[in-house]
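What follows is chain A paired twice: with chain B in the first complex and chain C in the second.
Up next is the complex of A and B:
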């Protein structure tokens, strides 16, 4: 123990013998650690954003469908339980955030254009907090109730169709007998979505209105259930599965949208690779510094060995020196990362590159998200790899022949 | 859907009986009643014109009542036997090249019918213009010795019609003079006009009708009726998918 104390003291003092070199190295480590944490926070924020947006568009953490619906989202594949029965079943649980919907492919036509879209028949009151539309109206009003005879379309779609709030458009789809089901609707509101794709392809109408138009009675195509945290939906999925013991397919979001689902795992891997890469660059500086420190002190090390210090202690001294250096760098790196992320929590506007970002499914405001596990990972990577990198110069120092070392000019 | 009505009027003729319709709805209804319930056979040529090209197809058409019709291309040779069958609101097309009968899905109803300026919806929907619109008589005028009624038809709120209103001009012998489609801002979008009215097969009909968009009047589709017979016997199997595929006429 006393030995370790002596070794640490020696290492600490040695560190500041050439303070300029040490400060440069601390600076490099600080910068590296900051880059690891800051960039990771940005990426995490981006992915979080992407998933949250994706979930709001899906929407819902857990969904119930007819088993064939996901392969063929047509009006034939309806849930085999009536809407009223679904309501009764959910009311017997403590799940509060759920919504049933009619969801069919359709064609929307104005005087000048027509477009293929996905038509959602919703109950506006139930959708609050699950899907995004109600919060992002840019013009007009949202649907009032499930028998509302108007529709809400995306602002972008309205541009394409050359229509606007107050005008009529025609929606065409098919009923379960393959007959054309169509009807005129007045556009009552426009919504803004973070992604153009949503604005162009999603159209919302009252659930009852659509059920009448499609002649499907009291049936729905989808039930969406929202939990507290998208990262953990296993329990919720099981609970919903209990409610639908029949043929219905109950799936969590990660399986509904495997692109989004795999995103989280991919990101964990990516973050680690990113940190290791930064450390690689950093390690050259670190090893170089240590090698230099050893090289300068060959005679001194020889003397210590001649006076009876064991090679193990020499090795320990160099390693401790390296670890102290890393700890100082980590301390500053973590502080600076925290200081730079905190004021950016309200969002970074990246609308200059919005087009490219939207292509990736990312919205134009980035919210950096500093996660404890990423910070710990960054620190662990630096410490562990730094320790390994310092072994080589330390090993060399401990292998000197005392006589040779002392006499070395 | 109205276009249809009128296209049908155009293609499969209706006839002038002299209904002295008093109000606007009666005028429109009378014009429709002329082709409804009768059977017909007609030969016609459809010309699709664009600034840099033009093509013509000769076709034969059969109708029975309001709900059934069949159109088959006779020339040019590469399009021969392409056909369209319409029963109620359903539509099937047959192309000998792929040897398949395809039911036209709702998503394709707005696409062009055989490359013309008529959409599938234009030609297939036999929904009743009388019931899905409110009609107002705007006025009347004289033309070629006939009284011409001008009727404004505004679709009902829930009608599957995109137009803001349509203005029809109908002669007192129930021949459509023209039909103008306005958008919801009151701007004229497209026009179906009868360029030639005359007697074919013993009836007064629009012989040559042209459909064109206001934005691009140099692009149009014309249907010229060259021969027609009315109230003919129509065989049992005429309006069937198998006849669409294997013509027996």
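Up next is the complex of A and C:
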């Protein structure tokens, strides 16, 4: 312990012998750590946006369907439990945020155009906090209840159909007998979505109204359940599975949308690679600094060995010097990263590259997300790899022959 | 018991194509509490012998004992431990650690030995007073004269009461007055602490302080004289 104190004191003072070199190196580490954390926060924010937007369009962290629904999302594959029974089952749990829906492929026709869409029959009261539509109305109103006779469509779809609030359109789908089921609806509201694709393909009607149109009685196609954190839905999925006793397909969002699900894993890997790449660039400077520091102090190292310091302690001194350098850089890097991310939490407008972002399924406002695990990972990468990088110069220093080192000019 | 015993040690260096015999079958015994000067012209082998005794250099053949323990076959780590426990060094070029103050330089060996902070402080302050550096304990080497630095080096060498102090040309960079003061200090420490001193020098004034003068030439001992110290 005392030896560690000696080694640490020497390492710290040696570090500041060449102020300029140390400051430059600390600056480089600070910049590298900042880049690691800041860029990771941007990436996390982007992925978070993608997943959150995707989940709001699904929507729900866990969904219940007829086992064949995902292959054939038609009115024939409805959940085998009535809507009333579903409500009774959920009311027996502490799950509060859930919604049952009718969801069918349909065609919407105005007096000028027709488009294929996904038609949702919803209970507006239950969709609060699950679906995005009620929060993003650009014109008109949202559905008032599940027997509302109007429909809400996306603003982009309204443009395509050359229709507007107050006009009538026809929705056409199939009933369980494979007969055409159609009905005229008045457009009561237009919604905006972060992605154009949502505005162009999603149409919302009252659940009861749609059940009547499709002649499916009290049946629904889907139950969406919302948890607290989309990253951890295992317990929620298990609880919902128990409610449906294995007769229906209960899947978490990551399995329902494997592209979206894989984003998390891909991004975790990308973040690690990104951090390691930045560190690799940093490590050249770090190793150079340590090699120079060792080279300049060959005589002193020889002297310390002559006075009785073991080679292991010499190695420890150089490694501690490296760790101290890294810690100073990490301290500033973390502080600057926090200081630069915090003011941007209200969002960064990237609409200048909106088209490219849209193609990636990302909205035009990025919200950087600084996660503790990413900060810890960045710090761990710098410390662990920094430690490894310092071993070579430290090993060289500890291998000096004292008499050769002490007489070195 | 002998503080130092060298038995038939040889050491050869290559200088270009030329083979230099730095030590040529040297055998000496130095008694505990002795004050010995190794005298030789440059290249005579005195520093090589001093380094062999201090475990800083390993002879090609022969045996070296310090305090009765054979040291020429010890590992690098064990040699470091031996130097830490038994030997104090004073070098020609002072060789202080520039980032440490005078007191911290003196404390360095004790710190590596694991002596407590209080004990270190007490001992280092006392020894700095003994070598006449009271009031300069917080100065770094760059803020002290050559003589003061060498006194710090001496204080560092003796503070942990080593059995043996090896000094290589300790007065080479000092003026005559400071040299005399340093040698007076060596003599006093030799007498009061019974520490064995082996001093390599070619300064005749320094040789006069020794109880025993060993003269070397071309890596061999050519004369071994008991003398009355000045």
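Keep this in mind: the second predicted complex is superposed on the first by the 408 of 409 C-alpha atoms of A that agree within 3 Å, B and C clash if a C-alpha of one lies under 4 Å from a C-alpha of the other, contacts with A are read in each partner's own complex, and residues count from 1 in each chain.
By definition in this document, a residue touches a chain if its C-beta (ideal position, glycine included) is under 8 Å from a C-beta of that chain, and two chains touch if they have at least 3 such contacts.
Only a predicted model underlies this, so the values are computations on that prediction, with no experimental measurement involved.
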On chain A, do chain B and chain C fit together or clash when superposed?
fit
Specify the angle subtended at the CA centre of chain A by the CA centres of chain B and chain C, expressed in degrees to the nearest 10.
160
Touching A:149, do we find chain B (first), chain C (second), both, or neither?
first
Just checking: does A:13 make contact with chain B only, chain C only, both, or neither of them? Give me first, second, both or neither.
second
Touch check for A:160: first (chain B), second (chain C), both, or neither?
neither
In the superposed arrangement, does A:305 touch chain B (first), chain C (second), both or neither?
second
Just to be sure I read the superposition right, which of the two partners does A:313 touch: chain B = first, chain C = second, or both, or neither?
second
Applying the document's definition of touch, where does A:334 land relative to chain B and chain C: first, second, both, or neither?
neither
Once the structures are superposed on A, label A:112 by its partner contacts, choosing first (chain B), second (chain C), both or neither.
first
Just how close are chain B and chain C at their nearest CA atoms in the overlay, in Å?
84
On chain A, the residue positions that both chain B and chain C contact, one per complex
none
Considering the complex alone, what residue numbers of chain C touch chain A?
51, 54, 56-57, 76-77, 80-85, 87, 89, 91, 95, 97-100, 104, 108-109, 111-116, 156
Which residues of chain B touch chain A in the complex?
89-90, 103, 105-107, 109-110, 155-164, 181, 183-184, 189
Of all residues in chain A, those that touch chain C in their complex:
2-3, 5-6, 9-10, 13-14, 17, 299-300, 303-313, 402-403, 406
Within the complex, chain B is touched by chain A residues 105-107, 109-112, 114, 116, 149, 163, 167-174, 178-186
